[in-house]
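The same subunit A turns up in both complexes below, where it pairs with subunit B and then with subunit C.
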Partner chain A sequence: MAMQGIPYSEALRNYSVKTFREPAGEVQEPEQLLRSFHPDYYPGTTVTLRVGVNRGDACHHQLAEVLQADARIDEADLAGAAIRETDVLVIGGGGAGCAAALVAARAGARVILTTKLRLGDSNTVMAEGGIQASIEKDDTPQMHLDDTLRAGHYRSDRRLVARMVADGPDVIRWLIQQGMQFDLDKYGDILLRRAGGTSANRVAYYRDYTGLEMMRVLRESVTNSNIEVLDYSPAVELLSNEEGHCGGAVISSLKDYSYTLVKAKAVIVATGGIGRMHINGFPTSNHFGATGDGLVLAYRLGAGLRDLDSFQYHPSGLTWPQHLAGTLITEGVRSAGAYILNGQGERFVDELETRDLVSSAILRECAEGRGVEVGDDIRGVWLDTPGLELRNPGTLAARFPKLIQLGKRSGIDLYHQPLLIYPTLHYQNGGVVIDENGCSSVPRLYCVGEVSGGIHGKNRIMGNSLLEIISFGRRAGAHAAEKSHRRGHKKVSIEHVSNLRRELTLAEMPMEKQGPALFPECAKFENDSDYDGLRRNRKGRP
Partner chain B sequence: MKPLNQVLLHPDNRVGVDFKRWQRHGGGQGLEVALLEEPESLIGMIRDAGLRGLGGSGFPTFRKWEFVAAERDTVEKYLICNGNEDEPGTFKDCILLEETPFQVIEGATIAALATGVSRVVFYINPDQEKSLDAMIRAVEEWESTDLYFAVSKKMKRPLSYLVKASAGHYIGGEETAAIESVEGKFPFPRGKPPFPARSGVHGYPTLINNIETLANVPHIICNGPTWFRELGLGEACGTKIYCLSGDVLYPGAYELPMGTPLVELIQTYGGGMLLGKGLKAVFTGGPSNTILTPQDLDVHLDFDSVQERRSSLGTGAMIVVSEGTGIVKRVTEYVDFFAASSCGQCPPCKTGTYYISMLLGKIDTGEGTQADLDSLVNLCRILPGAGRCHLLDGAVKVLESSLYHFMDEYRRSICN
Partner chain C sequence: MSEKTENLVKVTIDGKEILAPGKLSTIQALWHAGYPRVKSVGCLEGVCGSCRIMVRRAGSTDVTMELGCQTLIEEGMEVSFLVFPTPSHHTYELGEIRNSWEVQAHFSRIFPEADHCRNCHGCTVSCPKGIQVERGVELAVKGRFREAGELFVECVMCNFCMTACPEFIAPNHVGIFARRVTAYFHIRPSNLINRLEKLRRGELQIRDQ
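Right after this comes the complex of A and B.
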């Protein structure tokens, strides 16, 4: 049990008394810090998977539960289902899905994009800090590669990282072609800021809502293309052909509770992460739909996964007021020079260390009684916005409009009072194993974006996720379109679901729980008649 | 003796491309015996053993051999070892080719000795890359063995082997289509007569046997016809590789005595139904056959017994379907497969399969009417026998049988 922290009012007094903040030195024994305080290392968090291709691998127990859950549908549900055919089916309407769909459609493929909520409801719009690309003259893709590998504790797939960093400059060019804005200096050059744990200014940004700006242009491009978009249509199962290759997906409509079989020559899964599973009980910065559906679907079809025990906790999630808990405050604030202070008003970690170390340091302060206690077991540390404004007047207004908005919603005057922050569940480092075209180990199944794994190793640096979704989204889209002239499938079915049930039966596993989750536990549709179809979806068959 | 995997899939046999190991476990003995026998007596042994075509027809093997052996006035004779299997639910030939390539080569060589064949073609589905690869390597190894030289010596000319990737189409497995394919053309089935035994590849007499049939040959020659007859249950002879798939706990290929009851296959070897659901239907021998229903669970799985239930054993594929599965959708999928596989040269097949598939698609997605259902029933009457090969008949057979057993389900699927 963690020690009691310093009460809010006392901590605020400590904060205002001190005028000089001594810099914190380098983290001593970083490995030790992670092992003692990072949530990935909490005792009892991982279990061993018992079914599927990753049998025997360590996996977070909450994730293992859905990976080893029964399917939501069986063959009886598909009687009378409508059937559609297309070349490329994209599942997921975030940045990666849109980029893949656009590239595939422009290469001449027929594309259907299906999304659980609406086009653009995604973590892409939550990305604030920016996008990494080595476009400054004193920077190189090699340095970008080195930084990414180091921050990921050298557990990344080097091939994938190399492809991604080499794509960087072209990704920025492509985004500008689509109409995306970046913050520019007075000469019209793109402004860059530094991400934690990196060696150069490499993050291009637009205010503190870069992802929202990116999604704006992607969404408009998709809307203005011949891509068919199916809103409110989560994929509940993939389809497999006789050889076990991916052959499309079963789409469930939330509007009228009907299933549609979409047969496709290639399927691109871009369903994002699993923040809404609230791993280890942490609040999350993720959007409502981030429930890890893609992982479950791909795993059932036989795609290999990796690093299932590694998650990123972003150091600066708002923790007070409580109704906004988990809301992200961009790393850009720290990059601009804001300090993180404990309840005694002291700096305790280099703010631009990698995210896993900064988060662990915050958790250490709270566990050892130096955190700020607000009551009800809510604690955190200060993010020193007044100090930032004091040292760089005008920065907040010019570069962080979204943060100011957040301050207003919290009822806190950012210019005079620090924000209380605590690590928030932010990103799934692992995911589906892919190659440089985004292909998973199952032929004709591509996975891009957060659902894929191997790029970030055990820890991601700021700005690499926005780069990844465009880089690999485009790669998968182009590859899938190129291959879409292949022969269609002789027969597609959900035969692989029988294999799953067979394995579950043989492993004597319970089959009460069904997956994919589609919606977080907190979603309560039971009393809302507008969501009749959805309610029946959650329960299974009517 | 345990009934499972006694002969073809015996663990000792499954050595892959390793000639020495295969020989150590008794491989090649059949051929050694055959080298001492006259062709007529080899054919006699096959006749006495009661070996039948295991690719689906159940045609007595010795008859085919006799026809080809009788053709004496010819320079060449061909043997096509048919491993094109492309039918949903069938996966036995690929196991034999991949895991026991020498057993297949030995069988083909004995067939060549018995019928005077000079050219052996292993005709394999290109989608089964592993089988192709295994056979190419095995044939290469085989051609440098003493056994091969002994055969050539006896035949007074070298026996030639060719491993050929088939066209990869379902229709390419049909006898005459296979001949076209071996000649390098698109696998259009030919009209019969002339029968392949008289005029096949390039006009030469051609023997066509399924891979599993040929794999049985060495064991019959080595152990004698009586031994083979006694392997089967009741009147049936030998063993059969059943390809069990669908909603059972342990799907897979099981070599069992010919005539094993369906219930034993599902319960004992298949581990029962998945999730304890009830059995709804079994598609036997792939989808081109009459459906078996729970009343037929006691049927003995041999050619004659299954025929008595108005169905046929076919390739030995058993696709088990549990309660809760939509039969309309299943049949639609299979008929779609036939429609896509039709070579298109016979108009009734080309348009007939397409039309059935379209009507079924309508009914399956809830847009069909009573008129559509009536059309289907009508088509079942007029289409059979209108094609050169049996593709059209197969498509109609599965449809007709599903209409017979599950008319209620069709009626429920149409909109009023």
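Right after this comes the complex of A and C.
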């Protein structure tokens, strides 16, 4: 049990705005800090997978539960289901899915994009900090590669990272060509901020609304194209042909409570991450829909996964007031010069260290009694926004309008009072194993964005996810469109679901839980009678 | 400061009477009371525009348009969630505008209704982000796209203004158009262009093995 921290009101009384505070110095024994405090190392968090391609691998127990869950549907659900055909089916309406769909459609493919909620409902729209691209004259793609590998503890797939960093500048150009704005200096050059754990200013941004700006532009591009968008239509299963290749997906509609089989020559899964599963009980910065659906779908069809025990906890999640717990405050604030202080008003870590180290240091301060305590087990440390404003007057208003809105909703005047922060579950570092075109180990199945793995190793740096979704979204879209020209449709089924059930039975696994989860528990989707139509065959199941 | 000491407040959400702590948003209050809520939920941070609600506060006859994740419940508040409306009927491709001299002509063709604004203020009043929507439309009609776009920095495309407009202008799409043409025609960063040129020449090779 963690030690009692310093009471909120007392810590606030002790706080004063200062221009200078002693830096914390380098982290001594970083590996030890991670092992002692990073949630990936909490005892008992991982189990060994017993079913599927990754049988025998370590996996977080909450993720294992959905990967080894029963399917939501069986053959009976597909009787009478409408059947559609397309060249490329994209599952997911965030940045990765939109980029893939746009590129595939412009290459001449017929594209259907299906999304669980609305187009643009995604983690992309919430991204704040920016997008990495080596643009500055002293920076190089090689340095970008080196930084990414180092921050990821050398557990990345080097080839994937090399492709991504080489794409960086052209990704920015492509986004501008879609109509996305970036913050510019007075000569019209792109402004760049520095990400934690990196060696150059490399993050391009638009205020702290980078993702919002990107998403509304991509959404507008998609809706003004010939891409057919199916909204409120979560995919519940992939389709396979006789050879075990991917041949489409089963789409459920939350509008008319029916299933549709969409046969496709290529499927691009871009469903994002898993934050709303609240791994290790942490609050999350993630979108409502981030329930790891794509991992489950791909795994069942036989796609290999990796790094299933590695998650990112972003250092600056708001922790008080409680109803906003988990809300993200961009790393850009620290990049602009904000300090993090413990309850005694001391800096305790280099604020621009990698995210895993900064988060671990915050958890250490709280565990050892130097955190700020609000009661009811809520604790955190200060993000010193008044100090930032004192050293750089005007920065908050010019660069961080979203943060100012958050301050208003919190009832905290962030010009005079620091915000209480605590690590928030932010990103799934691992995912589906892919190659440089986003292809998984299952032919015709692509996975791009957070659902894929291998780029970020054990820890991601700010701005690499927005780069990844566009870089690999475009790669997968182009590759899938090209390949689909030369393919016909084949007979498809959900035969792999029977194999899954056999495996689960043989491994004596429980079959009560069904996946993909689709929605967080709080939404009570499973009890919502509105959606009974999608469950009408469930009772008769053995 | 714990939640236990806080007062519960009574609100009506989609016809359901709910008792919940006053610190909760309308969506959190529904979940707190055990009601399912799947549609009209999104980022929960006020940037996706999904959770559109109409709100009437106790003792008031006014109905306001707000975002459900951003609105905290108050005693006697009545809330109803809105279904998302159909997309805009305007379509365009930036690529069909050959150069920036032609933007205004294309704008008039793509958004012919924008010129018919009757200054009813419906769009501005309905905006949960406080954007000067009507002013933005007016600037766009005059061809002042950069200025118009600047007004829409906070726009989350919730479409309230579209619903409110009696002339079917789709003011939010006007705003995004204004922002997009500004980037498409006028953002030419020399630092980016120089880097792209170096890459084109094959400088800056990466060791990928």
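Simple rule for what comes next: the second predicted complex is superposed on the first by the 519 of 542 C-alpha atoms of A that agree within 3 Å, B and C clash if a C-alpha of one lies under 4 Å from a C-alpha of the other, contacts with A are read in each partner's own complex, and residues count from 1 in each chain.
To be clear about the criterion, a residue touches a chain if its C-beta (ideal position, glycine included) is under 8 Å from a C-beta of that chain, and two chains touch if they have at least 3 such contacts.
Note that the structure is a prediction, hence the values are computed from the model and not measured.
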{"item": "Room on subunit A for both subunit B and subunit C (clash or fit)", "value": "fit"}
{"item": "Contacts of A:140 with subunit B and subunit C, given as first, second, both or neither", "value": "second"}
{"item": "Partner chain(s) touched by A:75 [first = subunit B, second = subunit C, both, neither]", "value": "first"}
{"item": "Partner chain in contact with A:186 - subunit B first, subunit C second, else both or neither", "value": "neither"}
{"item": "Which partner, subunit B or subunit C, touches more subunit A residues", "value": "C"}
{"item": "Overlay on shared chain A, then closest C-alpha pair between subunit B and subunit C (Å)", "value": "27"}
{"item": "Subunit A partner contacts - residues on subunit C that touch it in the complex", "value": "1-4, 23-25, 28, 31, 34-39, 41-48, 50, 70, 72, 84, 87-88, 91-94, 149, 153-157, 173, 176, 179-184, 187-192, 194-196, 199, 204-209"}
{"item": "Subunit A to subunit C touching residues, read off their complex", "value": "8, 117-118, 120-121, 125-126, 133-137, 140-142, 145, 158-159, 162-163, 165-166, 169-170, 172-173, 176-182, 184, 187-190, 207, 209, 211-212, 216-217, 219-220, 223-225, 231-232, 254, 287-289, 321-323, 327-328, 374-376, 401-402, 405, 409, 519, 522-525, 527-528, 530-531"}
{"item": "Contacting residues of subunit B [partner subunit A, same complex]", "value": "88, 127, 246-247, 249-251, 274-275, 324-326, 328-329, 333-334, 336-337, 340-341, 361, 364-366, 413"}
{"item": "Residues on subunit A engaged by subunit B in the complex (per definition of touch)", "value": "74-76, 78-83, 242-243, 490-491, 493, 498, 501-502, 505-506, 511"}
